[in-house]
Every structure is written in C-alpha cells, then in structure tokens.
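Below: one structure, written as structure tokens.
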Amino acid sequence: MKPLILYFTADFPSYEILKRFLEEVDPEIVKYVEIGIPEINPLYDGPTIKATHSMALKNFQREHLRQFAEILIKKGIRVFALSYYDRINKEGTNFIHYLKDSKFSGIIIPDLLTDYSEESERIIPEIEENFSFIPFFNPATPDTVIQEVSSKTSSWIYYGLQPSTGIDIPFDLNEVSRRILDLVANREINFGFGIRTIEQIKEILGLGSSGVAIGSLMVQYLKDNDMEGFRNFQNSVRGVYLNAE
Amino acid sequence: MKPLILYFTADFPSYEILKRFLEEVDPEIVKYVEIGIPEINPLYDGPTIKATHSMALKNFQREHLRQFAEILIKKGIRVFALSYYDRINKEGTNFIHYLKDSKFSGIIIPDLLTDYSEESERIIPEIEENFSFIPFFNPATPDTVIQEVSSKTSSWIYYGLQPSTGIDIPFDLNEVSRRILDLVANREINFGFGIRTIEQIKEILGLGSSGVAIGSLMVQYLKDNDMEGFRNFQNSVRGVYLNAE
Amino acid sequence: MLSTQDSSIIPNEWYNIVPDLPKQLPPPVDRDEKKSSIQLLNQILPKAILKQEFTFQKYTKIPEEVQEIYAQIGRPTPLFRAKGLEKALDYNGKILLKYEGATITGSHKINTAIPQAFYTREEGSTGVVTETGAGQWGTATTVAASLAGITSKIFMVKISFNQKPLRKQIIELYGGEIVPSPSRETKFGTEILSRNPDHPGTLGIAISEAVEYALEHDLKYMLGSVFNSVLTHQSVIGLETEKQLEILGEEPDVLIGCVGGGSNFGGFVFPLMRKFKETKIYASTASEVPKFSKGEYKYDFVDTAKILPSIKMYSLGSDYVPEKIYAGGLRYHGAAPSLSMLVNSGRINSSDMPEDKVIDALKLFARTQGIVAAPESGHAIATAIDYVKNNTDQKETILVNVSGHGLMDMSIFQR
Amino acid sequence: MLSTQDSSIIPNEWYNIVPDLPKQLPPPVDRDEKKSSIQLLNQILPKAILKQEFTFQKYTKIPEEVQEIYAQIGRPTPLFRAKGLEKALDYNGKILLKYEGATITGSHKINTAIPQAFYTREEGSTGVVTETGAGQWGTATTVAASLAGITSKIFMVKISFNQKPLRKQIIELYGGEIVPSPSRETKFGTEILSRNPDHPGTLGIAISEAVEYALEHDLKYMLGSVFNSVLTHQSVIGLETEKQLEILGEEPDVLIGCVGGGSNFGGFVFPLMRKFKETKIYASTASEVPKFSKGEYKYDFVDTAKILPSIKMYSLGSDYVPEKIYAGGLRYHGAAPSLSMLVNSGRINSSDMPEDKVIDALKLFARTQGIVAAPESGHAIATAIDYVKNNTDQKETILVNVSGHGLMDMSIFQR
C-alpha cells in the first residue's frame, strides 16, 4: 500500500492526549508519523499548525519524544522528527544523536534549504552519515537544488504542495506534482502541506507515485480530544487508500 | 536643327522697340516665336514676365499682333499666341479667327487645364477645328490629362519645367523631363518656363527629343533696348544649338 | 537593421498624388505684385523641398538616413483591428486603425519634420525655425532637428505658450529653443510689442517672426502642413498601410481621417486611392471650422500673415478665427490643394463633427481600445462611429487613421 | 491576427524564474499571529493569481484573450539599436534598447494589469481596486479593467492626486473611478480624516483603503509590483527580447534595468539569464533609495501599512521615506524576493544613480534618440552611460530596458 503519513506537533494539545492519539494510529494504513518539535516561530507553518506550536511549547519536554516514538515503533510505524534549523544549530549533533537513540528514522528541516542553504551543504552529509535526512521540497525549490539534494540523500522525499501549509491557496495538483516527479524519478515522494479534504487525498494518489502527509486536517480532533472523530477520519482515509489500490 | 522658341510680350517695352527686336530674330536658329497677350493678372507667369505685362498693357493694341506676325512670317518663322483663358472667353471665337487671319499658327492658353478644365473639353476641339491648340503641360499636369489632351491635338507641346516661370525654383531636369517624354512619345515637345542660363539650354537639348523656349532671359535686353545684347544672346544660343547637333 | 519591428514595411519612396489627380493642380501663386512669396520660399526652404513642392514626381526616393530615422521614431506604426470598438458598437463589419500616435512624438507631424530637417542639414544650414500653435508641430520640429544634429528655434503663440508649460519643457528637453511670440527677437515682433506689450500672439505673427528669423540668420523654415511636399512626406502613412493591409489580407470599403491642413489625411488616403478605387472616403473636420461645407474653393493665402503664397483650396478665409480651441490642429482655415480638389470633385466626402460627439467618441475609444487619441483624431473616430451607426447592417471594412495620441491635451475633458 | 506588428514575437507562456534560482526562494510569511495576511490575499486576489504566487510553474500559459490584448496595447514593444546615443558617446560597441514606453499606457505596468483584470473577470468578480502613488499603476489598472469589461477603483495618495490633475483626468477618461486617499469611502480612511481632515495621505493608507474596499465590496485587489506573479507576467518583456535578439542576430554582454519593486527589471532580465549565462547584469536604483547598497536582506513587510505578507528581500525598512520624489516609481523600500536573492548571491550588480546624472542622461537620451524616457527608466540609461564611459575600449553589446516614457512627468526638468 502507498504510504500515509500523519503529522503531530509534540505535546499538543498535551502530552497525555497526544500519547492516546498515537496509540490510536492505525498501522494498517499509516506508514510514517512525523513529530514536530515546538518552536516559537515556525515560519513555514500555516496558522493552524502555528497555533499548535504555541500551545505545545508550554508542555514540551524533550524526553517525551522518545516515548512517542516507542509507541509507534512498537506497531511497526517509522517515526520522523520535524524541526526548524535553529534548534539543530543550537543543540548541534547532540540532538541528532538523541533522535537516533530514540529510534527516530530521520529528520525533516523545513527551513534549511530556504534560509540556510549554505549551511545545508555541510549539514546534510553530516546527518546522512548515520541518520536519514528527509529532503523537504516545495514548488519554490529550484530544479538544481532538488537534483543536488536528492542525490545526496537516499530516504523518501517530502514534497510540500505549497510553500506554507494550512492556508487555502489554490493550486493545480497536476501541475505542481509533474515537476517533482519528472525531476526525481524512482524515489518515494510523499506530498503534504495544504491537503484539506479527503477528496484531495484521492486525487493525489491518482497522480501515481506518491503517498500523502496529513497535518492541519487532524488538529481539530486533537484540540477537541475527539478520538471518535480521529478514528472515523482514519477509516475514511483507509477507504480512499483501498480504492486507490 | 532642334526648335528654338522665343517668347515676347506684345508691346513690351513698346510697340516700336518690340518690332525692332522681332526684326532682329534670327530665322536660322529660331523656329517659333510666342507672342504673349498682355493681361492684368497673368497668374502663372513669374515676376519678370508679370512686370512686362503691366508695362505692355498700357501700349497694347490688338492690331499690333498682326504686324508682329507679319515680320516673323516673312522670315519663315511660325508665330503662336499666348493668352490667358479670360480673354478667349470674353472675345469668343472671334479672337481665334483674328489670330488665324493674322497668320498665327496656333495658341497656348496656360491656365486652361488648371483652372478651366471643364471648359477645356469643349474649347480644345473647337480650336483644333481650324487652328492649332498647343497643349501647355507642366510637372503638375496629371498623367491622364497629358494623355487625353495630347491625343486631341496634333501640334507640338509646350512643357513648362515648373508651374510658374521666372522664379529660381530648383528642379532636376532629368527627372522632370522623363515623365513627359515617357507619356507622349513621338511628338515634338519643347521645354520652357524657368530656363535661366545658356548652360541649361545645353542640358535640356542633351535630354534628346526637344527644343527650348526662352522668355524671362531676354526681358532685360528689351527693357534696356539693348539690341547688341540680344544679338550676342542669339549667337550664344546658336553656339549651343550647333554643338548639340 | 535598426529594429526588429518589421522595417521592410517602411517605404523607400514617397508618393505624390499630383500626377495622379483627375485634373491639373493649380500651383501656388503670388498675389502681391511688389514682393514674390514664392521667391521668399526659395530663400527659406531647402532646395530639395522646393523641388518637391514645385516639380511633382510621382515617386521620390526617401534618403536612406531618413528611412533609418523613421525606424528609430517608431515606424512602421501599427495597423490593427479595433475589436473593442467593434464590440461596443455591436458592429458586424471590421474597423481597422492606423495609429500614428505610436511615433515617439505622438503624432504624424514627425514624418515630415524628419526629411525637412535632414535636407536642411544636407544643404549645409545649421538650423531650422518654425512657428507652433498648440505645440505638436514645434515638438516634432525640435526632435527632428536634434536627430539630424542641427538647431531648432520655435516661435510659439504666446497665449498657448503660457497655457501649456509642458510644451516648453518638452521642446527644451529635446534640445530646441522656444520663444513666446510676439518676441523681441525679430523686428516684426518688436514692433508689435512696442504697440501692445501684452499682445497674446497669433499664428500669423508667429509665422512672420519665424520667416524673418530664418532670413536674418540664414536658417531654414519648416512647413507643418498644407503644402504638397508635406503631404508627400506623410504618404509613408498610407504606403505602410497598403503593405499592412496586404499582410492582414484586408481590403477597406471606407477610409476616414481628420483634416486640419490635410497632411495626415492626404498622407493616409492618397496612396490607398491608387489601389482601392471604389472606397468611400470621409474627411472629418470640426463643426467649428467647416471648411468644406461652408468654405469656398478659391485662391487664398496659406497664412493669416499673408507672407506665404496663395493656393487654390477650400477656405473659410485666411482671417477666419474659429471660436473654440479644443482641437487646435483642426483650426486651420483651409486645406491642402490636392485634397481640396478631390473634395470639390466629389471623390472625397466631408463630415463636420461637433465637439460633444468628438468627446464622446474619444471616451468610448479610450475605454474600448485603451488609447487616449488626440482631439483631432477624435473627429475621425467620431465620423467612423457615425458611419457605423448609419450603416449597421453593412459588413464593411472601415479603415481609420488615428493621427496622434492625446496625452498632452487632456484638459479638453475637464469641461 | 489583430495587428501587423509581428505578433508571433508575443510569447504564449510566461516565465517564472523561481524553479531556476540557485537557491530556494523564501516564501511570503505572516508575522502577525492574530491575523493571516496570506489568508487575506486569498480573499482579495483572483485564484489564478494566488496559484501563480504560491505554486511556481516555470512556464504558465498566457490565456489567449490576454495574448490578444497584449497585441492591442502595443506588444511586441520595439527592440532597437540606439545609434544616436552610441554616436553621442562615441562608443564602438552597441547599445540596444527594449522600449516599454511604446505600450499605450506608456510603461510596462500594463503587462501585469491585463492578466490580473482578466482573471478577475473570469472568476466572476465585477471589478478591481488598487492604490496608486504617482499614477502609472492606477492608469494601467483602469485601462486593463476597461478592456476586460469590469470596473476599477483607484485610491490615489491625496497629495499626488492634488499635484497631478492629469492622472485624475486620464483615469476617468479610461472609465475608472479615482478617489483621493484618505477618503470617506472606507472605515480606515474615515477614521484618519476624523483625526486630521487635511491628512496628505501615504501609499500605506491607500493600500489599506484599497484592501478594505475590496473586502467590503467583494472586488479583487491588484498587485503592482514586488510579488512574484507580477514579475512572471512581466516576463513578456524578456521573452520578446530574446526572440528579437535572435532576429537581430545579437547577443548581449551587459543587461541593465531600473528597480522600483523589481517588476520591469525581473521581467526583462530573468528570461534572458537562461540563455545568456555570462552577461554582466546591473540593477539601477536611485541614490536616494539605495536599497541594495544600504538596505538589509531580511524578512520585511511588503507595505508600509503592514497589511500584506512579509517577504525576504533587500529592504530599507518598510517605514523608510526617501526625501525626493522625482522618480516616484523607484521610491519603494524593498525589491522582489527573487531579484533580492540574486543581488545577494552576487549574480546581479547594483548601481545607485543620483538625480543630476539621471537628468543629464534623460536629456542626452531625448536629444539623441528622440524619446522622453520616464525618470525611472532614466536610471537605467544613466547606468548604461556610466558603463560605457568606464569601458570605452570594450566593444560590448549593452542591452537596456527602458521601462516607460516620461511625457507625464516632465516637471522634473523644471528645477
């Protein structure tokens, strides 16, 4: 089955609630989970996710990450961290080691290529040495950057459908996906950022070669601690996935 | 030899002086003489000739025309009248008959095609019935008019090098003559209006098919009653003509 | 090649209609027995212009440098289909526009200014002088002079000069010298000022000053319209249009232009009359200056000052002063001799357009075609709109010359 | 075919440089946690524009109607050799000019106004709203709206509105509605006027009013520069130039343009950078607004009013107020993100030009080329002249974009 990826901000809306949601994640359809590390200014997240960061920051403890990972890994789901460059920079390789020790499979750094492209030349190989760097591309990523960064990494690629998530910017899925699929053939590319309906998931899967990452769409369930809603949501997605087979 | 044509305004500067000049006209080189009938407003004459008209008007008597003609015809020179339309119109066929009786060979009406083109359709055939109508064309005469009027007449054609005479307007002889020669082949076409030097006579003769009419160039000799000058002038022209053979 | 505009469309010969007229053109004449105005022209015009003026060649080679400058100032100007206007008028035929406003000085005037300045320089004169009323002609003269590398001096009617500071700015920017007329730079102007220091000036006075200045300083005088040589230079408009029609595969049923002195009209229409012999033709004039409908076809002075020769033309009298000034370029009392003859013979129709219709036409044109046309050109557009309204079921191709843009004349919309 | 200008030169796809940049373009971001300015754009921009703004396709098809209107407003604009200027500078190389002043509104602004108005109508909105400072953008907006058959409303900074009555006239003539800002037509304006009835207005206030008005009346807001979609539309300039260079058989060694928000510059230079990888490139700015030499490369607000998103660009700070106003279009505090990135990376050089050099350049240009260029474009010309003077023995081909004509801005020569 094609990969489905769920995104959660660590400790949103609280340590306990998130843990319960993670336990509910269905390994039959979810292949990876991304855990976002809360930030003061998550620049490239849209307002929905941004709001989760400011709430999560109050609760966040680094140790929780290991616990979240444990829950998922037990079910056979791989876990990836999503962190802005600032934290990596401050905590240094330490942080990467911690993630690796905690059984995270890799890390996504959404602002690295945009705002720290010089640093990226050094950091990507460093990370790749004993961990996975998941390239985060979007329609604004230049061809040359996509080709170069892809060639320096081996894991899957996260492709944001737009430069910021959570905002209702119109785009033409077909157009937006064509370029990346043409540029990086034979590689797992999962699309995310700005998926707003179950319908769209269907559409994206129809484009052929990729799975889907979902974030903003689940925030309301977490906020409301609506486990029932989350379950139904997973089931609807499963329906779409099965149909797409 | 190619035709040389001299123009005199009747009774300028006086009946007597003009008579003496006409007697001096050299039949070896002069083929035709034009006699202009004085007018109050000889519209298409330049200032030099215009001035002769206003002087001549005081002296003019119609009967003199016959006497001028006689002098010339005796020498074998043909005589043509030059008259503005107004007089023809006022005096009617009478005037034409008078000219014919006086042994004039034909008439030139410089304003006919320009200002009385409707009337010309009637008048030209009328004149041509028993007299000669000498078409007066210039660079402003349209192609169609040149062709039509030429076909209705049989005598020689007077081609003015510019629309008014006696004024130092520059023109390209070659350009100006080419059109008329192309439009009316195999016809005697004499050029006049605006010939200001003996040199130019040479040039015009060099163009091939045509003689030359001279007017303004002689006015000073008449005014000064300078018979000597006139004789020398005729001799210079003869020189040019002989060289052109 | 100077430009990638298709410069093969720029003609290499001007066309002079005179040899193709149905009747012979009455020549310019002197009416003052004491001084010859034709002799005067001889002193103040370049020989090449005089030659063109008095000995009519059907085709005159356009000097290569002039062709190059034509390309530089925006020739060929566009010919395009006015789809917006057609739609607004709900017209099933076609409206095509030749747009002289696309030249860098914004009107057709530059088409004759360039060769006149060029010949002046070729014949060794160091500069040109002319008069200007509204300012269009003065601007074209200055640009042409600067491009030819000679000086230019413009006598501008004082009242206009004061009302239109932009004109002073642009003429100076282009390197010309501009003086309000009457001025103290000529005897004639000085004399007028000594009698009335606040004299507002007239076009006649400005012409007199320009001519005197040219004579005194051994400069050449530039002719803005009416004269046949000017119409000949303007034939680039129609000659280009002819080639462009061929490219578009169109044939016009109706030709329309506006008439001040007749130069844009003649330049546009005459070359096209050769091939399109059956077209209907409309010359649009201002109702305030109804030269064709109320004027007489006679010899009259070219200029109010009676300095230049007389020519046979439709004229309201050289002293005629129209009331309004909203289309400065159409205030002239007469019209070029060749055009006058063709109106007189019935080949060309005339159409008087009142101010309100012209303003409406200009507004509609701006909104549907995006172009602010010159008030003068607005007359041609108004006549075209009128024609369409009176012939709605026809599916004809109407070809209109839009002689200039109106960006410097927008004050007319303030009323 | 609408026109006999060689319309095959008009491109049928716009080019967006973003996928070809050396680094990833930092996206527009929100900096206010309470309200999302990106969400706001979503409400006031046509979907098609938003799409172009946020999901970057290297090539976007130009809708056929937009291509037709491009032809109607004077595209392709000419590319020609500036022989007069070369001669005056005694330069042995070549100077080529792309001249956007040849469009009917006199500058490149119309290139983006047309598609924005078109998409607005296609998506069912009945009109557009925008702000204008000097008036160029307002005029282009109104013409584009009228040609698309929708309404336009322009909030013009009150002090400019009072100084430039021509702009009001032309916008109304073109069928637009123009209001001095602050006005009583918005809550924002009303509030400002209640505190100070004589408030002269600022561009920030005008933007706020335009945005509020668009929201309240369900209209679309038009973007004049800086945004990537605008630069994409402006790519018609460079794409045409590329084809025209091919026709002329020329290859540029140097590219020069002026920078306000960066739209004419980006539109001109970016498409050419694809093929001519070794060219030297100069972005000319006003010494009074030295955004590249004195500004910082950082996230900053697009507009003084802080209503629109923040973008990463060279900026003098969104509160920066330059002293002088002689080149209104270059007063903007920042520059488009893609252009800023390329200046930051060193690929594009910047050149600050002081007023006196620009005025001299404009004069020389007028006299040798016959064109009154816009003061903004005068910077590009001045930079080109400087380049020639510093590289006299080179025989290079210098290609300059002249973004507009200056016929409406001649007051700058009065001082």
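Here the chain labels run A, B, C and D in written order, and each chain numbers its own residues starting at 1.
Just so we're on the same page, a residue touches a chain if its C-beta (ideal position, glycine included) is under 8 Å from a C-beta of that chain, and two chains touch if they have at least 3 such contacts.
This structure is a prediction, so every number in the text was calculated from the model and none was measured.
Enquirer: For chain B and chain C, which third chains touch each of them?
Expert: none
Enquirer: Hey, what chains does chain A share as contacts with chain B?
Expert: Looking at chain B and chain A together, no chain touches each of them.
Enquirer: Quick one: report the Å distance separating chain C from chain D, using the average Cα coordinate of each chain.
Expert: 35
Enquirer: Averaging over Cα atoms per chain, report the distance between chain A and chain C in Å.
Expert: Centre separation, chain A to chain C: 71 Å.
Enquirer: Determine the centre-to-centre distance between chain A and chain D, using the mean Cα coordinates as centres, and give it in whole Å.
Expert: 38
Enquirer: Indicate which of the five shapes (line, ring, star, complete, other) describes how the chains touch one another.
Expert: Here the contact pattern is a line, an open path with two ends.
Enquirer: With touch defined as at the top, which chains are paired up in contact here?
Expert: A-D, B-C, C-D
Enquirer: Flag every residue of chain D that touches chain A in the complex, lowest number first.
Expert: Spelled out, the residues of chain D in touch with chain A are 18-30, 33, 36, 38-39, 42, 47-48, 50-51, 53-58, 312.
Enquirer: In their complex, what parts of chain B are in touch with chain C?
Expert: Residues 43-44, 46-47, 50, 54, 113-115, 117, 138-145, 161-164, 167-172, 175-176, 179.
Enquirer: Touching chain D in the complex: which residues of chain C?
Expert: 1-6, 9, 68, 71-74, 76, 78-81, 83-84, 102, 104-106, 143, 146-147, 166, 169-170, 172-175, 244, 247-248, 362-363, 366-372, 407-408, 410-411, 413-414
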